[in-house]
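Down below are the structures I want you to see.
One chain, chain A, links the two complexes that follow: it is found with chain B in the first and with chain C in the second.
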Partner chain A sequence: MRPATATRRTARSTGRAVRRTGPRPSGSGRRRSRTVRTTLVAFAMLSPALLALVLMRVVPMISAVNQSFRHVSLATGDSEFDGLANYTHLLTDPGFHSVLVVTLVFNLVLNPAIVVLSTALALLTAQRLPLVGLWRSMIFVPAAVPGAVVALIWSTALEPDGLVNALLEFVGLPPQPFLTSSSQAAFSIGIMVTWGALGYWMIFVIAGLKDIPDSLYEAAALDGAGWWRRLVSITLPLLKRPMAFVLIACTVGSFLLFAPVQILTKGGPNGSTNLIMFDIYNRTYLLGDVGVGQAEVVILMLLLAVIVAVQFRLLREEKA
Partner chain B sequence: MGQPTTRTLSVAAAIGAGLLVLAGCGGSATNSSGGGDEEITLTFANADPAETWAAVIEGFEEQHPGITVKQLNIPYAQYTSTINQRMGSGGEGIDLMVVDAGGAALDWNNRGYLADITDLREDAIAAAVSESMVTAREVDGKLLALAPWTTSQFLYYNVDVLAAAGVEAPPSDPATPWTYEQLTEAARAVQSAGAAEYPLLFDQWDTYYQLQMMGVSAGGGDGIDADGVVDFSDDGWQHALSWYHGLFEDGLSPRGITNDKNGALFQEGKAAFIISGPWGVSVANAGGIDYGVAPAPYFEGGEAATSTDSWAVGVSSKTENLDAAKEFLRYLTIDPDGNAQAAEVAGITPTNKEAFAAYVEQVNASAGAATAGFGAILQYQLENNAVHRPTVVGYSVFEPGAGQLFSDIRNGSDPAERAAQADEEITAQIERLR
Partner chain C sequence: MRRSRGGTIVLTTAAVFAALAVFLPVWWVFVSSTRPGNSYVEHMAPLSWLAFVPVGGDLTNYSGLLSGPFLTGLFNSFLVAGLTIAFGLAIAVPAAYALATIDFPGRGIVFTFIVLVAMIPFDAIAIPLSGLFQDWGLSDSYAGLVLPALANGFAIFVLRQFFMGIPSELLEAAEVDGLGRIATLWRIVLPLSKPALIGAGMMLFLSQWQAYLWPLLIGTSPERQLAPIALANLSTLFTVDLGQIFAGSFVLTIIPMILLLFFQKQYTESLSTTGLKG
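This part shows the complex of A and B:
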């Protein structure tokens, strides 16, 4: 998500520059040939990135779409065109319905929570607190830990006789089953993802906070606005853009969540953490059902495309 | 900026692009020797780190100066799909490959990926610890792979913990193992005496490899038949699964502990019993605990059964170096020195009689009285009650499905209901993929 946004911005500004130079009366052939040469140079310089884009994104995408219409026989290895059969199988499979429900509910709960908490932490660490740099760093540190390591740390902490239950018992609460219970496993994974992600997303909100001109706060102070009034009328409205970005980028990230599920629960207990990325991996690599796995990839791409469209819309409204 | 800079940059960019293209294509550029009679390069695809096979390759190359063996190390999770893809698109550049236990040999035989190596059968059986470790890799009377490694299962116990709980240690005579019922009773005694945090651990929770022997021992068979019909609902499997379910319900075994931690917990003296493979010896030795080794249990009224097998190695049907590839396979399995080298780094049991004898002698002596009976148990189990994973179409679908079933039962799902669901889902999935 983040690179895509950056590319769009660059493309827009490049477009403007071209338009400006375009209508100018051409003084001489030399100038025109220089323009052609500049364009060629631009293409040459872009070519590594374009090639990488084609080889690593476009080709696999085409291959996924192609395979989603094919059936590979487990017995013979023969691959044949199978029309929409993979999609029909997937869309009528109660297992896939439950994957969609688990993934959507997980995202609907997790992402707003991350946005609210990272904004709250950003606001908190934007206050004049002693050692504020230290607090910020401590909140950010988990973001620098790879997902697999985060999962392993939490798997030990969330064991039935692990650290978290020891703390619960210390304060007089009953121990919880966490990852071994179908009603708590998704919640437990949500907690560890939030722990790992908060600091990262907080940085974006802090950047947004720094963009708000001090003059607005000074004017509001002159008008007698208190802390709460300034938060509701100035800070939050002007943070809408970074918060929308965090919400959407974080949603995309959460849709692609895989490591903790693979390491900790393998989609269980009873499918309660079978998020869509793990289901794709499971169908493609463990069950050997490549066609259906790729059909699921295509459905995931479409879902994410809808989310990106929503992002455009949110950002456009903000501009108007 | 001046023009030369722009030009230099664009040239650099073009070179960069060229390199990218090369990098994109480079991965598939493997070779096999041309028509010459010297300098053959064999490519050996496996799912281990390169060092696992380095010693045996070095030994082989020393004895066969004209042959070089190059490894293609593929991560385990992608191994089967990578081989399917590479072999499906011509199989160029792969001469030998490891073949997992279970249905892999059958699947790859149906797809025409594996060369018939029946001409090695007689020598392989003569050299192997047991005949079944060779014949388990036969399909339609054709031998398709040979196993350099094998495994079995043992009941390891902590002597001090059992003494503290007043429990008598299980016998080490492989002909008279404990029953699972006796084991449960002992684990209960450990629990009520508070002698160990974990009365009973398994090395690999929720895996078919670990649980197959329990289903077979209880009379439930493999859980899948030759037509790919799954049945975990029969009396035998239900007996085994209810027992498994009960261990966690009663707190004799822990939920939420992942497989990487079990060995370490036993090693640290936190468990009374662990059911584990031959590698359990080195794990326990590293802990400095007083332990003992007994044969794997069986269900009362049922038969003794112990899980076995590991990777085998097959020759690609597309290889242009069939003789050299077979020579390497012969060295890996039939040659005692080669087989010992093949098992050395992995620390796993070799299949060749002579290599096996040397391995057993070394393990028996590794921890005094604790391991003195290890070799006798291992040999007895391999010869008398080893259960091989079923060679059926759809095994690759069956195994992960069974793993999910066991995992859910461990976490509290009802064994009968969850087994019925697994029977239906896995059977339908196998049928769909036929």
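This part shows the complex of A and C:
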């Protein structure tokens, strides 16, 4: 995992520094005072960053947990301990069940699709082809488009007289309702998210491809392996790590999807796009149910932690 | 790897097709933004070549857009992104430098803490944080918009990786010459670290430029709205021309595109650092 690797590397790369300033069993007073001074300098340099991370990330997490056990009175603004009431309210609410189902199904379809497509594009644009840098940059462009703008672009493109229906008509297919149909709205949001994400995740797979030594391909070519054989036996197994990273990071991102739902569908039609982040926003701000909203934040974080852990586990074991 | 001529043609065709398909919506938005009002529709059904060729249009959508709340939003977006880059780097650089070059007890723990906290997805805790910002008197302020983006563990990570690659002989030589730690960082290390500074700066910039949920929660009054919020609000008005939405979308897209045109290499290298080397 990340921290372990990092610590190992830290120890290796600063062996000399350890010898120079590290605490010794028989260290003299002068040396110890120098260690204290260096430590103080280090923490002085680190303190703004640590303060920011604690206040902006850790404290709100604790606050969410705390508030999820409390009830805030709308009339007086007072908050009182309320045990698990917010959680039982959520877990027995059929509305929340459908939010969970919509969110899970959406992610189950979307994330594997993004991993497969971004890997395919990475394999394609990592080849030596005429003007390949240009093609790669064009695929990367949507990654720079803000999520809200992605939503706006696609809402116009998916309108009855928008780009997609015009293209469908051009090739002789009937126009589709897209965002206004409860059977197509989630799919339409999936399309726009995929479009905005592909180029971004492609970069990570390309970086993984560059780490594969050429000698492996040369050896395979000497053995007469065709491109399919090389892909299946060399490229894909060695891409497992970057692909696992993309799957995990992309899952986290998709679980937190908010802008397109808030801007375009407000969870509808018929709750078909009521993804968990919008539901949290809705309960907290539009319904004013802060305690329940925070309980849902905690559930979301637990859900993410479990999913990331499971994905990590599965991809690890497969590798071994 | 050697490839047959036919293979190259097939792969190139596929790459061109994929690139055009992905790029087409952006191009269509640009062309439609030059059609005054809602007149882009005239070229849609049936689809005409004028939907993709920007001739015969004008810039009325842009002038209409820039006389409304979107201009304030754009100014705010630049201000907030600029402040985020400046303060974000001012916070991340010393932290990364301490982690990379100073050996102190607890360094491993501090680093692990930073990496773990960086993995907490911000949007998940944005709603509880906005409640806290209300208590702290920071809602509806520029400080409120900038502060959360300054806690960027990935920027620290990218800079640390880069600093660790700088030969320690160089730093020791500086020390022998009597240069202090800060002077070494400022005069020797930073001039060498432009790629990592650009990469981390791009990460900070894009984290703000792409933000939606947080500015929606915290920049509540019209004077402090960021551009994506202003544009999204505009799109919900029944009186608005879609042409202005196209124009606004294109403006918000072209700005990061121009930056990437110059800095794509540094940015993507920094990104890959966070993905793989961790």
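We adopt the following convention: the second predicted complex is superposed on the first by the 275 of 320 C-alpha atoms of A that agree within 3 Å, B and C clash if a C-alpha of one lies under 4 Å from a C-alpha of the other, contacts with A are read in each partner's own complex, and residues count from 1 in each chain.
To be clear about the criterion, contacts are C-beta pairs under 8 Å (C-beta built on N, C-alpha and C of every residue); 3 or more make two chains touch, one makes a residue touch a chain.
What you are looking at is a predicted structure, and each value in this text was computed from that prediction instead of being measured.
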Quiz item: Regarding the shared-chain residue A:181, is it in contact with chain B (first), chain C (second), both, or neither?
Solution: first
Q.
Let me test your reading of the model: by the given contact rule, A:208 touches which partner, first (chain B), second (chain C), both or neither?
A. second
Output check: A:142 vs chain B and chain C. Expected answer is one of first, second, both, neither. What do you get?
second
Between chain B and chain C, the one with more contact residues on chain A is chain C
Partner chain in contact with A:95 - chain B first, chain C second, else both or neither:
first
Item checked: Touching partner for A:69 - first (chain B), second (chain C), both, neither -> neither
Mind working out whether A:155 is in touch with chain B, chain C, both or neither, as first, second, both or neither? both
Exercise. Where does A:52 make contact in the superposed view: on chain B (first), on chain C (second), on both, or on neither?
Worked result: both
Open item on the list: A:41 in the overlay: touching chain B, chain C, both, or neither? Say first, second, both or neither.
Closed with: both
Which superposed partner A:221 touches (first chain B, second chain C, both, neither) = second
Dual-contact residues of chain A, meaning touching chain B and chain C, are 41, 45-46, 48, 52, 55, 155, 161-162, 263, 284-285, 290
Listed in rising order, chain A residues that touch chain C in their complex are 2-3, 5-7, 9-11, 13-14, 16-18, 20-23, 35, 38-39, 41-43, 45-46, 48-50, 52-61, 63-64, 67, 121, 124-125, 127, 129-130, 132, 134-142, 144-149, 151-157, 161-163, 165-167, 169-170, 195, 198-200, 203-204, 206-208, 211, 217, 221, 227, 241-242, 245-246, 249, 252-253, 256, 258-259, 262-263, 277, 280-281, 284-285, 290, 293-294, 297, 300-301, 304
Touching chain A in the complex, chain B uses residues 6-7, 9-10, 13-14, 16-17, 20-21, 24, 77-78, 80-81, 84, 88, 107, 110-113, 197, 254-258, 393-394, 396-397, 400-401, 403-404, 407-408, 410-413, 418, 425, 429-430, 432-434
Contacts from chain A onto chain B in the complex sit at residues 40-41, 44-48, 51-52, 55, 72-77, 79, 89, 95, 155, 158-162, 177-182, 263-264, 266-270, 282, 284-290
The answer for chain C against chain A in the complex is residues 1-3, 7-8, 11-12, 14-16, 18-20, 22-26, 28-29, 32, 41, 44-47, 51, 90-92, 94-95, 97-99, 101-108, 110-118, 120-129, 131-132, 147-148, 150-151, 153, 156, 164, 168, 181, 206, 209-213, 216-217, 228-229, 231-232, 235-236, 242, 245-246, 248-249, 252-253, 256-257, 259-261, 264, 268, 271-272, 275-276, 278
